[in-house]
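Chain lettering (A, B, C and D) follows the sequence in which the chains are written, and residue indices restart at 1 in each chain.
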Amino acid sequence: MSGPEIVLGQNNYGKSEIRLFKVKRDTDVHEVWDLDVRVSLEGDFDAAHYEGDNSRLLATDTMRNTVYALARDHLTGSIEKFGRALVDHFLEAGPTVTACRVEITQFRWRRIEVNGQPHDHSFVRERGERKAQVWGDIGGERRVEAGIDDVYVLKTTNSGWEGFYRERFTTLPETNDRVLATVVTAKWEYDTIDADFDRVWNGVLRSILETLTDHYSPSVQNTLYRMGKAVLEEFPEIERIWYSFPNVHHIVYDLDRFGIENDGEILHATHDPYGQIEGWVERRA
Amino acid sequence: MSGPEIVLGQNNYGKSEIRLFKVKRDTDVHEVWDLDVRVSLEGDFDAAHYEGDNSRLLATDTMRNTVYALARDHLTGSIEKFGRALVDHFLEAGPTVTACRVEITQFRWRRIEVNGQPHDHSFVRERGERKAQVWGDIGGERRVEAGIDDVYVLKTTNSGWEGFYRERFTTLPETNDRVLATVVTAKWEYDTIDADFDRVWNGVLRSILETLTDHYSPSVQNTLYRMGKAVLEEFPEIERIWYSFPNVHHIVYDLDRFGIENDGEILHATHDPYGQIEGWVERRA
Amino acid sequence: MSGPEIVLGQNNYGKSEIRLFKVKRDTDVHEVWDLDVRVSLEGDFDAAHYEGDNSRLLATDTMRNTVYALARDHLTGSIEKFGRALVDHFLEAGPTVTACRVEITQFRWRRIEVNGQPHDHSFVRERGERKAQVWGDIGGERRVEAGIDDVYVLKTTNSGWEGFYRERFTTLPETNDRVLATVVTAKWEYDTIDADFDRVWNGVLRSILETLTDHYSPSVQNTLYRMGKAVLEEFPEIERIWYSFPNVHHIVYDLDRFGIENDGEILHATHDPYGQIEGWVERRA
Amino acid sequence: MSGPEIVLGQNNYGKSEIRLFKVKRDTDVHEVWDLDVRVSLEGDFDAAHYEGDNSRLLATDTMRNTVYALARDHLTGSIEKFGRALVDHFLEAGPTVTACRVEITQFRWRRIEVNGQPHDHSFVRERGERKAQVWGDIGGERRVEAGIDDVYVLKTTNSGWEGFYRERFTTLPETNDRVLATVVTAKWEYDTIDADFDRVWNGVLRSILETLTDHYSPSVQNTLYRMGKAVLEEFPEIERIWYSFPNVHHIVYDLDRFGIENDGEILHATHDPYGQIEGWVERRA
């Protein structure tokens, strides 16, 4: 028998936290892209692992150079399209690469307003990150995902938590009026590699915010499903969407002890511990 | 000679990260306050330190209870006013307290818009924190400070760095067109304990953003002075203002090596290391 | 047609950051467990998502209570065994639960030494976290994984990066003497649910540290494979092991410009950007 | 009257997060210094602030170059001595500099042990940071401070909290047996600029750990004073020492509700909120 008994399994390597900033400055009204890019490659890297033979490894420093170099011509619209160009490139560039994944986080800047007018070249960072992920292989397959991170929302009423299962270790009282707060993490898969990605991303964010407001929430689970359904009904190019919702608890502080009435007005906001509700919402097969 | 040779010097104690959330819900249009409160007390705490006699120490758990209890009646407007009420209370509550400092961070929530209308009870967290600090002593003195934290701004042109001092270790080229980016930390002292704190805070933030846009910046230092001057000219109730500005460097990436032109379009954004420029701007004595 | 067109896909929910601290204090020599526990459940939760019917949901608050309650009798040895007890419990407790995952992070405390003797009940926190994950389903399957996080290691020589693939965007020079630095994240799968988990965990950590020292490293990839091989050869109960290694770059600072020689002595340590090398090492099938 | 009505007050500027790594490699047994350096300068920088005249500003990029350049000859022993050399240099280098502060954080690496022997050139990062700060002015004054950060300690017994002041908002029960846990932040001032800084730093850390173990702690305050007294008695070159101690609460979890006895064994560790106890211990004037 030849070859080692202990072998390399699934593996990848790449470059993380490539902090690319681009300014479009061909007119007085500048546009900016502020990105954190991660590139990772899969392929036949056995020689490097087993024998220390690096001749088929593209250096991660080269990946960094490439991301900046390709930004000149290919980062002109959505980060999804830039991700596609990077994937196409790296599938060619690495001599034994079979698949490539590019993950991009876009930090969002909005124009500063002066006298009600958006400024040409001055910006303030917004909370909430836009994500994109493009995956491709040398067989020509491509997949595009997008996402939202760190959008913190809450509603102060029209939410409850009742009728849940009770057993030996259950002490939580029921409530039909609580604060519901969560930090939205969402990702969704496209059924195409060529959608109007900017329009859809902004639409998904708007849809999530609106759905939060439009119903009595009996549970985070129910709101999660509603948020998925609303997105899928509005955007046919999305195949399925996943949410991860920490349930940031706001606990009514016991002021009765001091003879002070507290009708859900004074609360303790705590991150530790938190509920976590996750799931896909998708089209029936 | 009496007493120890090794003695207690300046000291204080208190409670940090009291996460208070209040909902004003007497009408359908709810208002929220989302705060992180820190209380610290100074006074004669020698017996506790030297002898383990706790009889004159207010427990920090009691401070926590108190912040929630007083929020009911005293957190109805600005966090500065709530801070004053807490200081007044703790100067009375601790048997040997001589001075009290209350530091409050307010996390900012804006209403979610649905069809262009701000929602009654649904909110999304904004980036940028509001700060307040109230200090008082048993002699009746009170001082109020306010601040801004984590407002990240940039301009993509109309900023340079030229004509600086050059010596043996200077290698940086001069530029009259660079990206200027900083995360604003500001604090200011009021000459009163009873200003229209909400109006002023919003005005200071607006002034800082506008000043960023209104001049060619030859240095962070010059822009810092301009931002201070603009605030002091508009708000007579502010005595002096301090800024701390990290200079978040955006470095033009060298694409010449690849035969690619890069006229200030493709940059590397890095936090490590960063310049740091700090200073007070104040009224001439 | 029955049922909705837009449906719930894979989903789970649970409680995160349950911060459990246990002291074994039946003798003067105390032992401590300091844990962060996450519980997540899978099952038939359709009614909650579609109809807001919570009657088959175990509250996440109940999960928290349960973790503390079961710690009394079941957290007496390894966190892997505690994880198994929790999984067994939750598969019974939730009325429609089909699978359960328990993830535990153990923060490590070592005894303070006084005059060379380990103290009975005083501890100092060590860097580096121990991880365990137990998964089980109602069919009786159980899987146990363990892991290491945040162990930061480096070697100042006996490491290089040469002979890598060169193309248009490659500018990095070759080196046969560099600093190699990485923050170890490892996880491994057991082929049993009843190993001597404490002994193995400590052995894996020791093996990783020793392997770092025992060879010239031509690449992170080669060192990764060697670290996997060493662990699998020593511990037959481990089926396969995965590493994720950020390559924390230490770049020789250019002092030639100042007429100062720098023979690999003065370096810039940077996290931004970093290489990332990941892979499984496993037994041949 | 001449000059502006609104003027520059106290100000400084400099470079932060200069990540310097040095390897002493003249013998096979390598030594490493892993530092984060911050330089800040005070002086007459009016022209830059008022007029945009940078001609008297040393660029912060020059400061960075300088730190690396001076490390060659001056970073050969303690970080305090390196800080002194930097201060001496920058007081000369900036044309209108009047004072300079250098703050250094040293990340601690210990040698990996192989078969009980410390390795020549392989290291693992320890928890706990060493700090130094040197301040100097052109009048020749110099001051040296040192510090400790992020050393997390706890004792599981021999600590209580009783006899404290009780009033309307006091609900906390008394206890004579609790877990005491804190993350040590300490800083101390030397009465000299030329002590055996390495020996003293290690001695202070040892003293703090030993003092934690050697008494019943009736309060964090009393333990703080004892830790200060022990250090000052052992190290005559230290003038005074300051501690900041978060009281990381470990709360006995209520298991009575489930008919489970909990005699201080099962606790909830929480950071939110925390007590904070701070103070100087010093020699009687």
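By definition in this document, a contact is a pair of C-beta atoms (placed from the backbone, for glycine too) under 8 Å apart; a residue touches a chain by one contact, two chains touch by 3 or more.
Computed from a predicted model, the values in this text were never measured in an experiment.
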A-D or A-B - the one linked by more C-beta pairs in contact: A-B
Query: Hey, how far is the Cα centre of subunit A from the one of subunit D, in Å?
result: 37
- request: Just give me the whole-number Å value for how far the CA centre of subunit A lies from that of subunit B.
  value: 29
- prompt: Of all residues in subunit C, which are in touch with two or more distinct other chains?
  reply: 19, 65, 69, 169, 171, 257-258, 270-272
Query: Which word fits how the chains touch one another: line, ring, star, complete or other?
result: complete
Message: List the residues on subunit D that touch subunit B in their complex, please.
response: 3-19, 38, 40, 45, 48-62, 64-66, 69, 93-95, 161-165, 167, 169-172, 218-222, 224-225, 228-229, 232-233, 240, 242, 246-247, 271-284
Complex contact set, residues of subunit C against subunit D: 19-25, 30, 32, 34, 65, 68-69, 71-72, 109, 112-114, 119, 121-127, 151-158, 179, 209-210, 212-214, 250, 253, 255, 257-258, 260-270
Query: Mind pulling up the subunit B residues that touch subunit C in the complex?
result: 168-169, 171, 257-258, 270-272
